[in-house]
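Take a look at the structures below.
One chain, subunit A, links the two complexes that follow: it is found with subunit B in the first and with subunit C in the second.
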Partner chain A sequence: MAFTKESVEEIASLHGEPDWLRTRRREAWEVYERIGLPDRSEEEWRRVDFKGLDLETFAAFEPANGAAPGLPIEGAAGVLQQRGSQPGQVELEEELRRKGVIFMPLSQAAKEHPELVRDRLFSEVKADRDKFAAAHAALFSGGTLLYVPDNVEIERPILGQYWSSGGGAAILPHTLIVAGCNARFNYLDEFLSPSLDEPAFTSGSAEIFVGEGAAVGYVSLQKWGRHAYQFANQRAHIAKDGSARIFNVTLGGRFAKVRCEANLQGHGASAELKGVYFASGDQFFDFHTLQDHQTGDTTSDLLFKGALEDTARVVYAGLIRIEKGAAHSDAYQANRNLVLSDHAKATSIPMLEIDNNDVRCTHGATVGPVDPMSLWYLESRGIPTATATRMIVQGFFGEVVDRIPFEQARHLVEEELEARLG
Partner chain B sequence: MADLEIKDLRVSVEDREILKGISLGISKGEVHAVMGPNGSGKSTLSNTLMGHPGYKVEGGEVLFKGKDILQLTPDARSRLGIFLALQYPVVVPGITMNNFLRTALNAHRGYDGKDKSKAVSPKEFRSLVEPHLETLKIEKSFLSRYINEGFSGGEKKRVEILQMAVLKPELAILDETDSGLDIDSIKYVSAAINQLRGPDLGVLIITHYTRILEFIKPDFVHVLVNGSFVLSGGPEVADLLEAKGYSEWVDEPAPAEEVSA
Partner chain C sequence: MAVAPKINVGDDYKEKYGFFDPEKFVFKAKRGLSKEIVEEISWMKQEPEWMTKLRVRSYEIFKRKKMPTWCADLSVIDFDNIFYFLKSTEKQGTTWDEVPEDIKRTFDKLGIPEAERKFLAGVSAQYESEVVYHSLHQKLTDQGVVFTDTDTALREHPDLFKEYFGTIIPPADNKFAALNTAVWSGGSFIYVPKGVHVDIPLQAYFRINAENMGQFERTLIICDEGSFVHYIEGCTAPIYTTDSLHSAVVEIIVKRNARCRYTTIQNWSTNVYNLVTKRAVVYADATMEWVDGNLGSQITMKYPSVYLMEPGAKGDVLSVAFAGKGQHQDAGGKMIHVAPNTTSTITSKSISKGGGRTSYRGHVKVYPGANHCKSFVKCDALLLDDESRSDTYPYNDVDAENVTLGHEATVSKVSDEQLFYLMSRGITLNEAETMIVNGFIEPFTKELPLEYAVELNRLIQLEMEGSVG
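Right after this comes the complex of A and B.
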């Protein structure tokens, strides 16, 4: 089994996609064929270990199968559930439909709402960024469009859930979110599968367009099984006075390479990029973040925090870029790693690229074990070591989990972390 | 035999011997003060008794209620009834004082997350904590804050005594609890400690200065210099130090006054 040109055509035909999308898939396929695996002498890929990943072994498509898991949160205003690579089933509150909210699989949206999809799809997450992004753009299947018109506010969150029950295939959903001017809402993407023997090739990419004055909260919760190799690009494009709160939770997979980026395009735009991860066993996670201040009076606030156990490895590299015209920008970036085992290893690389002097930029990185003084202090009050350690790790996560944009997701992530702490 | 028996205790830090064989007995109902100049080994004594990981016991033994506590982990020592009010309380982000106090109290009652009947109820917890907030002049809002985060020096010390009051130890070690305290804080802290004082509590006050002893009257005073006790006696030893300082043993000015923070 391998990816082929035929599989690209087949996926396009299967869901009756319009010609422009088929053409775009073909273009991405050409890129995929033309470029090789990333050069490991390049800085971004230097620490990335592809061990065990062979792109030739994956089927391009996974039929819907297996028992569907329950929903992670209750009371969502809209739910899209995707099984395998099959376009998902959607439920959306009637009132939101009446207000013009569009929520449907991407293939359907490409046909029915090309004006929303055509110019935006893969404009922020570009197909030629690397071979994996090209595979994603050529072979994505299912996926989601959420469009919220101008001035529409949605109280309860919208949920996308992507489930895979088989190994050996590519599961490549893509989330496209378009927020009109002054729209306000929260969105949760959940990716999950059982752990299997056969590797899987997965993504979980998202493009989020935040209109003028809009406020969007986006949480991505990655719980792929331990057989999965994940390559995801999550990027927000933020217009004047818009605000994006992106929260990345990475827990699953054998391997995860995640880019999380904010493209601050309009004056007064703001972005919060927050992340939490827990790596155990032989998991490898690589995070690359970008706070791209294209224009002035923009704000970005980034905090990625994670814990590592066993022989897990994590790489974090974050760039704050302040363009020439971006005066009065304010950027903050911090990465904190709690290393719970002598054999786990975290590498943190903060970077700044500043072309304007009238800005405020702060960054910092820490890698270290549980503070022995904190541990002793808790123990000196009668709290056993295991409980004290657990409390300190929970406390460590608490600072960032408190920043999850909406309560249901906050509870969910707290529970997931609790479960990981055992 | 006293409830706490320190016998010929020798302790080193980074291969340097700090305590050079000290012996001391404290029984419940007694208040002992260990006084000494800077670097005499006072904090080494208190931290060693609580199992601080930075100190190495080279010899001797410490028995509490007949048990050799040097063989016990810090949490087991706490549950046995020993409490140390730290000189420099630790800031622990992300854990609220509420959670900390409740978990500590539950650990003392043997609740390990399983048998819910052993866990302290919210109502009982309030009844155990709130009266002491009043005595120590601690705002209730402190309970929802992270452990010692953003607390002033005086607030940290008062919160140490709050923990002591809630956990009700049989032996309380107060390590320089008076240092860095303004006079009001010393009064609140002393009032709380005097309330707890009684036949079921032994107290070991570690201090450089005599000031706190004006508020908490000791039964015994021991002078620690260069890792050994050089003088032991009743409260009159504190008066002697008040007048003459440690000049008999070291070249240091009188310890009676301190600039308060």
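Right after this comes the complex of A and C.
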């Protein structure tokens, strides 16, 4: 039990990782040991309550066990299935393999394709960001590399599925996506586990490198069981004229702290950051988003929408940052919260830091109950209150669900939300 | 296209507001701050013992409190290099003729007497630390309205004073509130009795004339049930090579069904640190409105706040900030919903130019049990060139049920289409930009009395001239 230096070595040995990766794990471990838990007087952690989380109690990895459910979508061009902390099983269409697409567990990729992995891994999601990120970098297990070479377009989506059978362990997959120039594809990550009583320490971090002119759609669907504490960092690095469409779905876990960030590095780069969440029971979700316009002629569009029930709590804090030279940037940021119960609580903090005048930046945030006028209108047409409320919530989600980059994921998310609405 | 005449804004400021008279004082405390100086100030003013004790206690709190670090760098303020008290003339004038000639000249340049002659109900002008001139319409006096400087109020209305002073902003609230409570001098004291509507705005003007001077005025306004008052303050200081500090505390009590409006036009010179705590508590069905314009100063940190204590209370902050070269305007507002069914709005308009930085920093807090509250925050920022910066930091904490909260913000430059349209009508670029900026802050100016609106437009024009070409 508990995270130790030995467990770091053991994970590295278990997967036969090359020395450079082992060194990197050790460095992250040193950071983990050096820094304490985040100070709750810091602005980012002020509202985050990780009471009940004890990092000392988790096993560093979990062997594959238990039966995973079927695949969430059909007709994927490639599938990686990870069970517990073990590197996953991969299926990939032969034609894509011929075109040079690489899709494999991260430990294998580190050995076979260090040129793709070495400089990128943890360069966007840094180990020293906080203690949880350090734990993730030191003890990440399994994970995925997807590399799509220049000019390759993939019609059907690629799928990663990460299943954990239960609690008590750290499940820390890491997704690394590298898109060559003008590559085009969609990717879905699904994280799930049954609901057990024992807590689990999970992530769902992703680094996405979008090459020049490339277009990448990335959907992460988080359905960890209600015992899980999730700390995830998703960050896209977008080169000239590249576009990333990132869609975050957070439904599971007792606790989720998710950072979703776009690093707009090249002229003409664009990012869509969209999110949908449904928090019920005593769930706590915290979202931190960043639209970092490093250079000019860049566009970003963010919309996070969610509903809250029971005594759930949600914190959204987002920042648009326009650097000095980033002229002709256009940024939008909105967070909408529908509070369905008297005891649920949503906090929304949209922030701007603008260092260039030739820009257009707008943001908005709302927190409120179901609009009584809309409800009254529907009821006056003879629709019962419960149905009317449900229709309004569906409509509320519809605006953002329509923006999911590909159809299969759209249907999937619609079904998931339906199930949550009951 | 005609090129606008190039005017150096700094020079112009000096001519218009930057005049300084040779310091004339009957008493000037030593540089720096100590328990003895605090006691000396109190002794000079012949204050009752409780006030002396409060000052000394506040000084201890001030020493203990850490400097805030969450905003601009304030470590450059050298508390030992500041004069904390200066008494500029021996007695207060009650009519204009009695005010000493040189001080009168200062106010003449500021345009106060004309305004007074025309329509002002009362003028109270603070020169350095003490209020030198003060008058109030007989009618208002008959109605029981008290409008005087805070020192006089302590002498003449001790009970009222003691009941409210320091209850809204206790000395321990923050480091600068503690400092102010220790060394406060001057400011306005207003009491409006039940049901009295003061139809004409009450005005005060604050000015720093000496170098390294600290201005610590203290204002206390009490609006009794069903009353109404509009208070307006203006602030300026001449330009000196070393920095001055302005750290005021404003406390307002708005009782049931009353309404209070507090308007500030702050135009300190660009080496003044302007660190002000302003707070109002509002009771059932009463309204508090802060109209806050920040043009001058090097650094301003000011967040007028409203505590909504009982159902039906309403709070409103309307804030305009203009930051030019070397300036940082960190302004905003706070709305603290303590009771259910309370409403609040914050509207912020900011303009940055020539490397200036404006930040909106706001806080909307809804306490548990304060159900069915509504709050809306809107921030618009205009960036006039690519050296300037604008930030928005709205903090929202909702702990109650059925609360509706909205926030919106935009940041943009002056639109090319609008400029093109105006210029195609033969208007120069400079004039066109000034018109657009004046249009941008129009929701603010239209809330001001006419002469202040005119003054604000002139100030904006002054700031805008030479910005292009």
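The working rule: the second predicted complex is superposed on the first by the 422 of 422 C-alpha atoms of A that agree within 3 Å, B and C clash if a C-alpha of one lies under 4 Å from a C-alpha of the other, contacts with A are read in each partner's own complex, and residues count from 1 in each chain.
Here, a contact is a pair of C-beta atoms (placed from the backbone, for glycine too) under 8 Å apart; a residue touches a chain by one contact, two chains touch by 3 or more.
If you're wondering where the values come from, they're calculated on a predicted model, not measured in any experiment.
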Room on subunit A for both subunit B and subunit C (clash or fit): fit
Subunit B versus subunit C as contact partner of A:A346, first or second or both or neither: second
First (subunit B), second (subunit C), both or neither touched by A:Y377: first
Subunit B versus subunit C as contact partner of A:D355, first or second or both or neither: second
Subunit A as apex of subunit B and subunit C, Cα-centre angle in degrees (nearest 10): 70
Touched partner set for A:A365, first subunit B, second subunit C, both or neither: second
Partner chain in contact with A:A327 - subunit B first, subunit C second, else both or neither: second
First (subunit B), second (subunit C), both or neither touched by A:E10: neither
Subunit A residues touched - subunit C or subunit B, whichever exceeds: C
Lowest C-alpha to C-alpha distance for subunit C against subunit B (Å): 13
Partner subunit C, residues of subunit A touching it in the complex: 47, 324, 327, 339, 342-343, 345-369
Subunit A residues touching subunit B - in the complex, by the definition given at the top: 371-374, 376-385, 387-388, 391-392, 394-399
Subunit B to subunit A touching residues, read off their complex: 50-53, 73-75, 77-79, 84, 86, 89-90, 92-95, 99-100, 103-104, 107-108, 112-113, 146-147, 163, 167
Subunit A-facing residues of subunit C, complex: 352, 371, 381, 383-386, 388-399, 401-413
